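The same chain A turns up in both complexes below, where it pairs with chain B and then with chain C.
The block that comes next holds the complex of A and B.
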């Protein structure tokens, strides 16, 4: 996995020295593909590191750049440019997939900002301040027990209508909690976008905690659906 | 990623799955979670009030194979130890025993947290004052 997420792209085209404008992947003046070394996803689309994104605009830009960077267009270019066009296309795809998803976008931005997010960083991250609130744990544990009971009942070929009802109301409840988390994430996202160096760390921390909570809720919704759908 | 044989053994044949009476004064309960992956782990101990020896331990973990193996191993290890000895169990011991890969180290941290939380709960119930673990109040 790449760890160089800092933005340090050349500011001008390697071929014609024009300043790179709309996207650092492509020169608007001469149409040459640019080297992609350690470009972050926001930068690839010439976007500021902000969470509110114009999605239709992002999609348009993705298609436009994809067409112009397509390796077929560089079939007769130098091997170096062919390689860059492949790399630029791959980067563009990853960047688009990440930025168009609001949750992946937050996770990515927090990683860029140096916060430890998600499972791959979990080993480094030692305890205590990351313990979720006790009431959430109790809830999660209880629901898991209920799910387990439901699975056992199903295995024995019986159907228990009250358990079914409990599970459905639990699903509704957890989906509601999930949408509350998403609303809070949006609020903190706005705080990030409109904030400055002094206020942004608090927003980032709040978002990291919300993502933790969201992971629990998402697992629960997934598990309930699995049992109900079986 | 492949699990080690020891993880698989604990996963397929977990030791001490179950529950102890939460309301008993002799029982300490620790409920902890790993927000990175959404795991929850409950570890319970029954302590002999005379000797302070952990005579019984049970766990219930909803999570990945490594989390289940870590908590299964933790219950095996705490049994027969005094509460103070049990506090000496470190997550790194669990990592070593189960040969956990770096991405699964947090499962062992969770098991250590669960031991501490269970002992903390038991101490609180029995008014055993000791400032060792205020941080893992996890309650």
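The block that comes next holds the complex of A and C.
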């Protein structure tokens, strides 16, 4: 399977030549920070590419590594080590931020696995807004009409309690769908974790589709909230 | 590592809007280093001294701190305060500030250029002015240690953007300091509080200073201070309260006495001093009085007298104080804390002089439900000093110098999202606000036209959807892309926010493997070359011989105080002091004059300090005289026109004048 990110890293410590093994950011023997050109986030935490993560354990490891890697610890070190410390800490922080969030974690894993997913922030090469999920076409169409009507009503400085009720119940419905998606994601996540090379691609594909659906639903809920909050 | 680096002192500096301080770790305790006048606070005021016209070779010198205070009233066109509000900002940003501050910008600033402030016939960037303050703090520390100090940690408001941070770092460089780290003020305060207690749990730091407001939510865990969310307003603080009170007073004086003080910068400064005193008094009293002699009109002098009851004052300032509520709620929301589980916030730390205001404390109490939970905010450490103390702790962490701090680590966040402008002017966020720093993001860019060799990237900071609503940070021009068909080049750009909260960018064309050249055009900032030229001159030379410089400075200081004394003897204040005081002063003067010639550093300093103490009462009297003389409009010609043409609307009048006899006034 092709990966978009490489996971190569030096095998030994630059300072004492000890094999780096499971702790690629930091040499266990001499404690020196290591150059970290292109580690993936799982590797940075010496974790397997699995979606079920022990969060308290992740935080402990984050704190332990931060104490050793942070630029504050290298204020008197060589410029080279300072640079590595900065890069290693940035990677550690990015990794922690991504892995502790269940959705970002899935998105990241799928990207590592070479699946193309619509990213929230990829505005530069942004793809056009996706089509609504096929099973929701009708509801989405109706919701958009109601949203538009509500915006008009608000623009006129009027209120429409029945429309407001409709929007609130639509919001409840889509929020329910959202939590269903989250459940399905968790299920597929377990399937990924317990699967093998043969079954994992199917789980990954399912998760990519669920993420798309989730993003779509979330934007709908956000739109409703915006209109109701105004 | 050479040995001296191990013992080299790193100081912590709070470069404040109103006051600045320098502190360091003495053993396991952070302490503030006092200035030559014995005061811990160096007012963030600088003044360009009036040159002696008879000496054409005279170089302009700059006065900093308390001794510059007088210049605010006597020569308002040569003095500046609250320059922090101008750091890292463009001309178009500061128009509102200019309405209420007596700042004069250089007339020839082009849009997009770093602003320069006019002092006398010279202009200075805000970074240069800050550099003078930093240099004074550096000297205070050097005097205290008797050794050079070259490294520092400087605090900045947590909500400072990239340009404001860069301007602060530039100021450090100009002052001859190697700025090891910029630390966020609320985080520094948390460090100062957290040092002596092994706290665990979530705390909030509410920091309302002279010109900035910050709110930070931190998680404390076994010596790790992890910021979870921060928010704020870099233009909200005690200054706004002062300006409000000032506007009301000016308006009233205009309406009732038909005197327009806005044309008289010296009178404005005197009035500002009076409203600030009233503000301070209202933090501990139920009412305060304004009683000021107005400039004479048609040969008649009248007094502006107002009683300001606390209730009226609080109603007046409520909108200013209330502006802290929004950022506070946002920070709590970002930290995942709702009104229902506010009890997760175990402690609230108050920082900044403006948190002395009872109405501010009441708002904090309400926002965090403190008294409802039987809690009180932490105010044990002096709110003016706590940030500098925390900076000293961080300086000690960086110096790796002591066991007291070896287990402490700050994990701070970036206060604003970083984004790039995409098609249609919308912002694509690449690093979200409240991301732990250092943080990075990698983006890929390509070309749209065959053979295109340049790609421009516009980087912005802020939360809004449109780039035009965010803060423009810089424009990066990726150059030297090998000519290829459109869409084929793959340029990888790495954005990295470092531990100072400052952006670094690097780029690589992946298909050719060529390191792309990046030309950075900071939207509001100085280039390295510009900073080089602004390095405060005196540094280049004097650093070589520290001892000699100290003696020269001590002599200069002695000269200054001797000259001031000679001048004072001819002024009205001299007649107000007792004969025995005059004898004391004369003894101290003669002693200093004699000691000065010896070149004995310690002796000169002692004699200077003695004379300074002996003349303190005289200086007070002189200051009072200067104020009342300014109010009569008798001092130097009014040179500025700040506040001119501004239609200030008083939102609420003060109480009606009281014309009862004041027997405790009129010395």
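Quick note on the criterion: the second predicted complex is superposed on the first by the 209 of 230 C-alpha atoms of A that agree within 3 Å, B and C clash if a C-alpha of one lies under 4 Å from a C-alpha of the other, contacts with A are read in each partner's own complex, and residues count from 1 in each chain.
Assume a contact is a pair of C-beta atoms (placed from the backbone, for glycine too) under 8 Å apart; a residue touches a chain by one contact, two chains touch by 3 or more.
The structure displayed is predicted, hence computed values, not measured ones.
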First (chain B), second (chain C), both or neither touched by A:96: second
Touching partner for A:226 - first (chain B), second (chain C), both, neither: neither
Chain B versus chain C as contact partner of A:70, first or second or both or neither: second
Chain B versus chain C as contact partner of A:216, first or second or both or neither: first
Touching partner for A:86 - first (chain B), second (chain C), both, neither: second
Partner chain(s) touched by A:179 [first = chain B, second = chain C, both, neither]: neither
Overlap of chain C and chain B interfaces on chain A (superposed complexes): 121-123, 125-126
Chain C partner contacts - residues on chain A that touch it in the complex: 63, 66-67, 70-73, 75-76, 86-87, 89-91, 93-94, 96-97, 121-126
Touching residues on chain C, where the partner in the complex is chain A: 1, 5-6, 180-181, 221-222, 224, 226, 394, 397-400, 409-411, 419-420, 422-423, 426-430, 435-441, 443-446, 496, 498-499
Sites on chain A touched by chain B in the complex: 118-123, 125-128, 130-132, 134, 136-138, 140-141, 144-145, 212-213, 215-216, 218-220
Complex interface listing, chain B residues touching chain A: 31-38, 40, 42, 60, 62, 102-106, 109, 113, 135-136, 138-139
